[in-house]
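You will see two complexes here that share chain A, one where it goes with chain B and one where it goes with chain C.
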Partner chain A sequence: MTYFADVGALARKDLLLELRARDTLPAMLLFVVSTLVVFHFVLPAESSDLAATGLLWVALLFTALLGLSRSFAAEREQGVIDGLVLAPSDRSAIWLGKALSILAFLGLAEVIALPAYALFFRPVDAGLVGGVVLADVGIAAVGTLLAAMATASRARELLLPLLFLPLAIPIVIGGVGASVSGEPARYLGLLGLYDALFAIICWASFEYVVTE
Partner chain B sequence: MIHARALEKRYGDKRILRGVSLDVGTEDFLLVTGPNGSGKTTLLRLCAGLAAPSRGELSVGVERGRLGYLGHEPLVYRELTAHENLDLYGRLYRIAERRERTGMLLERFGLWDARHARAGSFSRGMLQRLALCRTLLHEPSLLLLDEPYSGLDDEGERLLDRELAERVARATFVVATHEPERLEQFASARLALA
Partner chain C sequence: MSTWSRNNRLPALATLALTLMAAAIALIFFYAPLDEDGLNQKIFYFHVPIAFTAYACFGWGGWKALRHLWKGDEDADLESYVAIHLGVIFGVLTLVTGSIWARYRWGHWWVWSEDQLVLFLVLFLFYCAYFMLRYSLPPGPQRANLSAVYALFGVALIPVSILAIRLSQRFIHPIAFDEGGPNMAGSQFFTFCVAVLAMFAVAATLYHLELAGKRLDIRLRELREALQ
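Here is the complex of A and B:
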């Protein structure tokens, strides 16, 4: 239980930091809404729903990338990661706490983004919502690990997209498939499998990312 | 407590630490001196487990939760208050009476009145005091202190002198400084890095 108490303390700290600094979530909200507005005017009126759904996933993916690029900013700028690493708690708790806070930010961004998508393009169905929820889990799991890796590098702004986007391809395939397919269960299963597999890999390997 | 043999640390082509050997026993007070760039900070980071040696052997006979590390950065979140920062570390170090301990340290280091102020609003000296509170919060048995007097005013220096005097008989110290005169009274061993 102490493990989950550590995770809770770390996730709560991230939410409190965001509540005080307000430097990640507002940017994510502004980005996703403005992207959907731009796509609304870019797409020709006779465009299919399929194209609109694809653009929604592009917007969600880059919104997530924006949030991930800021996710370890406090730890990097103030060197606090050393303090967290020195604590006797399991280092994977740092990953899980951070992933949960990123998941919360993504969820909040999508609470605004999905109604905006429904307003500009087409109604949102259960397959799309299910796909977005499962995609968020995978994005948070993989993105947190990669953001921690990138944060140690001087070229972090360049490195994070280069590492994250290739690994996000299965998420996009699963998410778009669940959104447009007549049988979303197959794609939701793919996303669930991706989430489980990568969550275990990221959980187990985080310690090696934050220690030399 | 700490045994090192032919310790070497490189960052790329640059050799920061070369052939350092040392033995630090329980309740020893090792004073590490040397000019800027001689590897004092690197040696402390190696002992803390924050960096791995490029060559040589290093063993530190204390578990992570019993180690207190004071670096150049205070390792606190600027958006959290002094109390919130210590409370977070208190939770992670599983300190049973963390409220009492946090309050006691904040009072001892003269930060009680500023406990609800964000660390970002603190002066350099106040941040150093908060960093000292963080370092001592869990009653570490091995203290690795890098320039502990840095940024402290006269009162802060006196407070730290008092803390060191109280703890010198019940903890092991490795202290890096370029002003060894102040700490000579506590030192039981010395290491001069070139």
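Here is the complex of A and C:
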């Protein structure tokens, strides 16, 4: 399976780079905790804990955007992307490897964010954790492709949130629904459907984003 | 395609659109019966056909985007862009007419419980981002590819958003509108169908008009470059 070996090598490269340079992950961790603190002051005293759950999702989304906007920085600045495109492997492997490394970053950020949320606001339940896991897959899949698009444009980092937020609305609906409603199965189903559908589209169309 | 049909398609389409539109307006105001909503209900015959037309434009734009990626059809990029451009215009009209309808029916300009309006707001934001993407790239094959991929995302986003917004009503608004909606009398349904057809014809005319203009523009630029 050379395809999966390629994907593994690409994901490993990103994780190794992060381990050595520590560019993205500390920023994401600090950002998500600071947003939670800000949210404490945003919420009026009488507002319910459910409002805090909604804000947690805002924090997670923007943390993901922060990580995504840097995700192709090395590729762009050092011209790595040309090398990767020329390499004798399927182009979708570039997307999958990058999406996996983004997924790892998101997971690590949430390992800190969810306990912090439980400490500051309200306990975390299974619906919320399931929602976060499924939402991460969707965010990583769509976000990686959009980050590659934004990198190609003149506006760069400015463009990514604009491209990403309208596409993230179903993720937010599914995630918030899974964390606040009594019966999360329906919302987790929506998230699963979103992940499957958009992962297939991203996997199939990534080639056109990096080649001409 | 023969020269005759190319030269005469636009006037023929425009005539058809004009006739259908006149027929639809006549039917709406003189034939379709009033229901308990009174005159306000007439906007239904504009709002819903405009929304359908916007969907059709987005769908057509997505189809052309797919053709561009799949078959490498050079023209399809421009066609996809023009269709989406028209879709956004019809989408804004949907938001405006829907907002007016909501004002007279429920007393508010904006109603979050109205699925259709919320969906069009999401789509409007999405396709505005499409324009941002398109205009921040230099013209060329890469711009065509990225626009096409993003347009395909839009086609996938429409059904997923419909589902998501339906689901979201359960935790944002406890009472949803009933699934059946208002029943339509036969004469109302006929008027509605004519109105949909008329709106489609108007959109098709505008599409070909815009496309002809853009193609002329490109041709002119090519000729200018050849002269220099």
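Keep this in mind: the second predicted complex is superposed on the first by the 212 of 212 C-alpha atoms of A that agree within 3 Å, B and C clash if a C-alpha of one lies under 4 Å from a C-alpha of the other, contacts with A are read in each partner's own complex, and residues count from 1 in each chain.
Note that a contact is a pair of C-beta atoms (placed from the backbone, for glycine too) under 8 Å apart; a residue touches a chain by one contact, two chains touch by 3 or more.
Computed from a predicted structure; not experimentally measured.
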Partner with the higher number of touched chain A residues, chain C or chain B: C
Which superposed partner A:L84 touches (first chain B, second chain C, both, neither): first
First (chain B), second (chain C), both or neither touched by A:E212: both
Touched partner set for A:P170, first chain B, second chain C, both or neither: second
Touched partner set for A:A5, first chain B, second chain C, both or neither: first
Residues of chain A at both interfaces, chain B in one complex, chain C in the other: 211-212
Of all residues in chain A, those that touch chain C in their complex: 142, 145, 149, 152-155, 159, 162-163, 165-167, 169-170, 173-174, 176-177, 180-181, 186-187, 190, 193-194, 197-198, 201, 205, 208-209, 211-212
Contacting residues of chain A [partner chain B, same complex]: 2, 5-6, 9-10, 13, 16-17, 20-21, 74, 78-80, 82-89, 211-212
Complex contacts: residues of chain C adjacent to chain A: 69, 122-123, 125-126, 128-129, 132-133, 136-138, 140-142, 145-146, 148-150, 152-153, 156-157, 160-161, 163-165, 167-168, 170-171
Complex contact set, residues of chain B against chain A: 48-52, 63-65, 67, 69, 71-80, 84, 88-89, 91-94, 118, 134
